[in-house]
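By written order: A, B, C and D. Residues from 1 in each chain.
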Amino acid sequence: MTTAGYINLIIAKYNYWIYIVLMCIGLWAMIAKRNLIKKIIGMNILQTAIILFYVSIATKKGATLPILGHHDAGHFVDYATVINPLPHVLMLTAIVVSVATLGVALALAMKIYNRYDTLEEDEIHARVRES
Amino acid sequence: MKRLGLLAVILFGALLVYGTTDFPDWGDPSSPAATHLSPYYIQHSLHDTAVPNIVTAVLADYRGYDTMFETAVIFTAGLACLFLLRVFITPKETEASGLYRHRATGITLRIGQGGRLPLGTREFERIDSQWVPYDLIIRTACSLVLPFIQLFALYVVAHGHHSPGGGFQGGVIFGAALILFAISHNLRTTLKAMPEKRTNILTGTGVLIYVGTGVLCLLLGGQFLDYAALAGLLGVDPVMARSHGILIVEIGVAIAVMAVMVSLYYNLASAGHMDEGL
Amino acid sequence: MSAHYPIFLVVAPLMAALVIAIIARERPGLCPPLAAIALTASLWSAAGMLCRVLAEGPFSYHIGNWPPPMGIAYEVDHLNALVLVAMAAVALINLITTRQAVASDFTGREGYFYALYLLFCAGTFGILVTGDAFNLYVLLEITSISGYALVGLGHRDAALASLNYVFMGTIGASLYLLGVGYLYLITGTLNMADIFSILPRLFGSKVVVAAFVIAMTGLFMKMALFPLHGWLPNAYSEAASPVRSLIAPLTTKTMIYVMVRLGLYVFPPDFTFNHLLFAKVVVWVAAAGIVCASVLALSQTSLRRMLAYVLIAEVGYMVGGFWLGNRMAITGAILHIVNDAAMTLCVFLAVGSFTHQLRDDRFATLKGCFRRMPWTMVVLATAGLSMIGVPPTCGFFSKWYLIGGALTADHWGLVAALIFSSLVNAVLFFRVFEIAYYEPFADPHQEHRPALSYAEAPATMLAPMLFTAAGLVGLGLLTGRIVTHIIDAAIPAAIL
Amino acid sequence: MNTLLTLKPLLALLPPLGLPLILSSCRSPNVREAWTFGAALTMFAVIASMLPAVWAGQCLEFTLVQVLPEVSIAFRVDALGLLFALVSSSLWIVTSLYSVGYMRGLNEHSQTRYYSFFALSLAAAAGVAFSANLLTLYLFYEMLSFATYPLVTHHQDQEARSSGRKYLLYILGASIGLVLPAMLIVFHLSGTLDFTAGGILAGKAGTGQVTVLLVMLIFGFAKAAVMPLHSWLPAAMVAPTPVSALLHAVAVVKVGVFSVLRVITGIFGTGLLAELNLGTMVAAIAAVTIVAASLIALSQDGLKRRLAFSTIGQLSYIVLGAALLSPSGLTGAMLHIAMHAFGKITLFFCAGAIFVATGKKYISEMKGIGWRMPLTMGAFFIGALSVIGLPPCGGFISKWHLVLGTLEADQIVFLWVILFSSLLNAAYFLPIVYQAFFCHPEESLFERQVQEAPRWCIVPPLFTAAVSVILFFHPQPFLHLARMATRHILGGF
C-alpha cells in the first residue's frame, strides 16, 4: 500500500481508531491503576468506547435523524437518507447497563472503604493479609 | 504484572486494529449494517407502529424485549445497591444520635448513641454532621427550577414517539430533579417528599407495568409483548394499539428509572443509613 | 399455554422477583414460597419444552410477533432444552435446600435476596433460550449484576472479591458486546441464525476473525478459563453458602453453553474448528489450565477454596472437549455442562450444610464428620466420587466422552491432563474423607471415646441434598438416552 | 453356547445390598449378625442355583441399563465367573461366622459399619465376577476399592491412616491412571467393551498399542498385586483379621487377578497374545513377582505380613497360568483362584485365632504354640500344605495343572520358577509349624493357661482346612467349571 493509501485508510475510519484508543485506555486503567475508583473509571471508559464504536456503525454520510415526519407515511423512505437506528437502540440499552454496573461497583467500593478505610488496592491487600 | 498488562493491552489493541482494517469506511451508506436489516425498520416502522421516531419504535416494539430486560437491569442495580448497602437496623424515633439544631436559637447539640432528645422534636431539627451552611439562594433557585425540570421530564416521556426521548430519558431527568432537590436541601427532606418505601414500590411497579403489558398481550391471545393484541382493549386498530402499547411501556420504564435513580442516590449518599448524606 | 413455554420460563421468575421486591419488607414470609412457585413454573416450562423438542424438533417463539431478524426470537432446540432443564432444576433445588441458611445469613434482607436470586435465574434461563446475540448480552448483564450483589454480601472480604468479579465480568461482557458489534458491522444483523447464514460468504474477512477471537476471549473471561480465572476462587469462597451453591453451578456452565452456541450455531463449525489456529491453541490452554488448577487445588486449606479450583479445572474439561471439534468430544462437553452443574450443586450444598451446622468448612473442622454428619458426608462422598469420575456417577460418563474425544483427535496432551485431574481429584477428596473419617481417638479399642456431638443438618436441608446425590447416579445411568436422544440431535450433522 | 436371559445375576448382588437391614439393627448385635448370615446364605443359594444351568453349557445374561449407546451395564454368568462367585460367596458364610467370634472376642468398635461394608464388598466382588463387559467390571472394581477402605482402616489410628492412604494410592491411582485410559483406548479402537471369547482387539490394534495396553491393564488392576504395585497388600494387613482373610486372600486380590484373567481372555484374546508373543512378557513379569515375593516372605517376622507376601506370590501364579495361554495353564490359573482361596483363608483364620487367644502377632513369639492350640495349628498346617501345593490338599491340583501348562506352552523356564517358588513356599511356612510343635519344652514361650481361641474362631479354619483336603479328592465342581471356561475361551480343544 502506498503512503497515500495508508492516509486514506486512517482518514476513512478515523472514528474507529478513536474508539480503539479509548478502549485501550480503559483497559489499561483497569489493569494498571491501583486505586479502585480509578479502576471503576477505567471500566466506564471501556464501556463508553464500545458505545462510540456502535454509534459509529450507525452513521451514513449525508443522512439525517431516524425520525420521520407524518408526510412519510404511505411511501417507502429511501433508507440511505436516514441513519441506521438499530445501533442507537442497542446503545440505549448498553448505557443503562453501564450505569447499572457503575452503581453496583460504587456500592461495593463503598463497602470496601467502610471495611478497610482505604481504596488503594495494595493497602487493602496488606489489611487482608494481616487479618 | 504491569508489563503483562501492557502486553495484553497492546495485543488487544493490535487485534482491534487488525480487524478494523477490513471495516467498511466510516459513514459508508452501502455497508452491510446499513443495508441488511436497518432498511426494514426505516421503511416499515411508521407503517407497522405509527411511531415516527424509529428509535422508539425499534426500542419499545421490535426489540421491546431487550428494553424490558434493560429496565430489569436497572431495577436489579437498584435492588443490588439496596441489598448491599442498606442498613436495616433503624433506631427508634426517640433514640437518635446525631446533630440537632434548636430552631429558635441556632444552638447545635450532639446526641450520642442511645441518647434522647431533651425536649419534643418540634423545637429541634436534625442537621447533617458535616454541616453545610444554609444557603437561601441555592434552595430557592432549585425549588423554582424543579417543577420545570419535572415538566420537561414528562414531556420527554410523552413526546418520545415524535422526537428524541422516551421512558429512559424522561425517567432520568425526573430522577435528576429529585436528586437536585436532595442536594440543594438535604436527604431527610427528600425522604419526606419521596420516602424510601415509595421508591421501592415504584421501582417494582415500573418494571411490572412493562412485564404486565407483555403478559396482558399474552392473555389476550397474542404473543408476549405483541401490543397489537391490545387493540380490542384499547378500542383502536392494531397499528395504533402498538403505538399506545409503546407509550404504556415507556411510562413504566420512566417510573422505574426515576425510582431507581433516586434509590441509588439514597443508598450511595447515605451509605445505607438513610439519615444524612451529601 | 404450551406454546408460550419459552417466555413463561423467563417471565415467571422475573415477575415473581418484582413482586417479591415490592413486598420484601412487609411480608418477608411470603417470599420463599413465591420464589419456589416461580422456579417450579420455570422448571415445568423447561421440561415441557424438552418434551416438545423431543416430539416435534426445534421451534422458535417470536416475541412481539415480529419474525426474526426484525424482532427477537427465542429458539428452542435440543441443546438448550437439555441445559435448561438442568439449570432450572438446580436453581429450584438450591432454593429449597438453602432456605434456613438464607434466613440466618441474610437476616432482614431475605426478601431482597430472593428477588435477586430470581433475577439471576431469569437472566440465566434467558441466556439459554435466546436466539439473539444482543439480547444475550442484556440477559448476561442482568445475571452478572445480580450475581455481583449476591456475592458482595458474604464472608469478610466478600465486597473486595465481588468488585474484582465486577471488573473481570465487565471486561468479559464488554468484549462479548464488542464481538457482537463486529458481527453486526459485517453482517448487518443480530439474529444468531441470520448471522450463521450470512457468515460463510465472509470467511476471508479480518472482521470475522477479530469478532470471533474477541467474543470468545470475553466468554473465556466470564467462564474463568485458566489463566483468566482470577476472579473465581475469591468470589466463590467469599460468597455466602446459598449464593455459592447457586452461582457455582450456573454461571460458568451457562457461559460454556454460550461458547458452544456461538461456536456451533453462530459461527459455522467449519470456521470455528478449522479456519484458524485458535481451536488448537485453546485446547492446549485448557489442558494446561486443567493441570494448573488441579495443582493449585492441592494447596488449599478449606473445602470451598479447594472446590473453587476444582471448578476451574472442570471448566478446562469442557472448553478442551468442545474445541477438539469432534462429535464425541463435543458430546462430552455438552454432557458435562449438565453433569457438572449437578455435581457442583451437590458438592456445594454439602459444603453449605457444613457451614450452616459447624460454622466453618476448614479441613480441621471436618474431623469426625462421618460420625457427626453422616448423611451430609454421604452426599459429599457421592459428589466427590462423581468429580473423580467413578462409575456409575455421571462424572464418569462425561469424562468418558471427553477422553474418548481426545483419543479420537489424537490429542494426548488433553488425555493426560484429564487423567491427571482425575487423580488429583481423588487425592483431594480422599484427603477430605480421611479427615472426616478419623476422629481424635486415644485408643482404638477403647469403649468410651470422646463424644463428638451429632450435628446433622435438618431434614428439610438433607432431603433435597440426598435427592441431588441420587440424581448424580441417575444422570449417570441415563447417559445413553441423553446422548442418543438429545445431544446427538444437538450437534450439527456436519461434525463427525 | 446358549444364552439365557435371566434376573439371577442381578439377584445374586442384591442380598449383600440388604445394608439397610444391617444398619437398622445396629442396636441389637444378634439381629444384625442374623441379617448378615441371611444375606450370605441367600447369596450363596442364588449363586449355587445358577450352577446347573452353567453346567449344562448355558450362559446367563442380564442387561441392567444401557448406560452408553454402545456399552451397557450388563451381567453374564459363565463358568469362570461362577467359579469365582462360588468361592467368594461360600467363604463369606464361613467368614461371617469367624467375624462374630473375632470381633466379639476383641470387643471391636463400630461393628455395624464393619458388617455393612463387608456386605457391600461382597456384592462388589460378585458384580466383578458376573460382569459382561469391561465397564461393568470397572464399576464394581472401583466400588470394591471404596467399600474395603473403611474395613482396612477399621482401627482408625495412625497406622491405619497411613496404610489406608497407601491402599487407596495404589489401588485407585492405578485404576484411574491406567485402567481408565486403557479402557477408553480399547473402546476407541474396537468400539465395544464386551468380553468375547476370541478377544475384541484382534486386527484392530498394532503390536505397539497392544503391548502398551496390556502393560497398562496388568498393572492397572493393582489388586492383583503384581510387583512393583504390590506394597499396598502388606500394608493392608492392619485390618482386622477376618478382613484380611476374606478380602485380602479371597475377594479383593482375587478380583484383581480375575480382572487380569478376563482382560487377557476376553479383551485381548489368547490368540492375539500368542500371535504377538506377548504372553511370555506377562509370564515373565509374573515370574519375577513370584520369586521376589517368596524371597521377601522368608524374611518377614509378622505372621500376617508373611502371609501377605505369600499371597502376592500366589496371585502371580494365576497371572502366570493365564499368560501361558495353554489349556492346562488356564485351567490351572482358574483352579488356583479356588484352591488358594481355601488354603490361604485357613492360614489367616489361624493367625487371627492366635491373636485372639494370645495377642501374638510375630512368628518368633510363637514357639511351642502347637501344643497349646493344637486344633488351630493343625488347621494351619493343612492350609500351608495346600498353599505350598502338596498332596493331599487342593493346592496340589491347581499347581499340577500349572506345571502341565508350562509344558504345553513349551516354556520350561516357568516350570522351574514354579518348582523353585514352591520350595520357597515350603521354606517360609513349614518352619512356623515346626517351631510350633517341635521345640524343647523349656523353649516354649507359652504357659499352660493358654487355651484355644473361642469356638467361633476355631470352627471356620477347621472347616476350610477340611474343604482344602476334600478338594484334593473331589475337585470336580471347580475343575469342571475351569475346564468349561478354558474350552470356551480357547474355542474347544
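One rule holds in what follows: contacts are C-beta pairs under 8 Å (C-beta built on N, C-alpha and C of every residue); 3 or more make two chains touch, one makes a residue touch a chain.
Everything numeric in this text was worked out from a predicted model, so none of it was measured.
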Touch-network distance, chain A to chain C, counted in steps: 1
Chain at maximum distance from chain A, centres defined as averaged CA atoms: D
Chain pair with more C-beta contacts, C-D versus B-C: B-C
Chain B and chain C: spacing of chain centres that average the CA atoms, whole Å: 32
Approximate Å spacing (C-alpha centroids) for the pair chain A, chain D: 70
Chain C and chain D: spacing of chain centres that average the CA atoms, whole Å: 43
Separation of mean Cα positions, chain B and chain A [Å, integer]: 20
Multi-partner residues of chain A (each touching 2 or more other chains): 23, 27, 57, 86-87, 90, 93, 97, 100-101, 104, 107-108, 111
Chain B: positions in contact with at least two other chains: 16, 20-21, 23, 31, 33-35, 37-38, 41, 63, 66, 70, 73, 76-77, 80-81, 84
Junction residues of chain C, two or more chains touched: 134, 138, 141, 145, 148-149, 152, 159, 184-185, 190
Set of all touching chain pairs, with the criterion as stated earlier: A-B, A-C, B-C, C-D
Of all residues in chain D, those that touch chain C in their complex: 65-69, 72-73, 106-109, 135, 138-139, 142, 146, 150, 153, 155-157, 160-161, 164-165, 168, 172-173, 176-177, 180-181, 184-185, 187-188
In the complex, chain B residues that touch chain C: 15-16, 18-24, 31-38, 40-41, 61-66, 69-70, 72-73, 75-77, 79-84, 86, 88-89, 197, 200-201, 203-205, 207-208, 211-212, 214-215, 218, 222-228
Interface residues, chain B side, partner chain A - complex: 2, 5-6, 8-10, 12-13, 16-17, 20-21, 23, 25-29, 31, 33-35, 37-39, 41-43, 45-47, 52-55, 58-59, 63, 66-67, 70, 73-74, 76-78, 80-81, 84-85, 162-164, 168, 264, 267-268, 271
Of all residues in chain C, those that touch chain A in their complex: 134, 137-138, 141, 144-145, 148-149, 152, 156-157, 159-160, 162-163, 166-167, 170-171, 174, 177-178, 181, 184-185, 190
Chain B-facing residues of chain A, complex: 9, 12-17, 20, 23-24, 27-28, 31-32, 56-63, 65-70, 72-73, 76-77, 79-80, 82, 84-90, 92-93, 96-97, 99-101, 103-104, 106-108, 110-111, 114
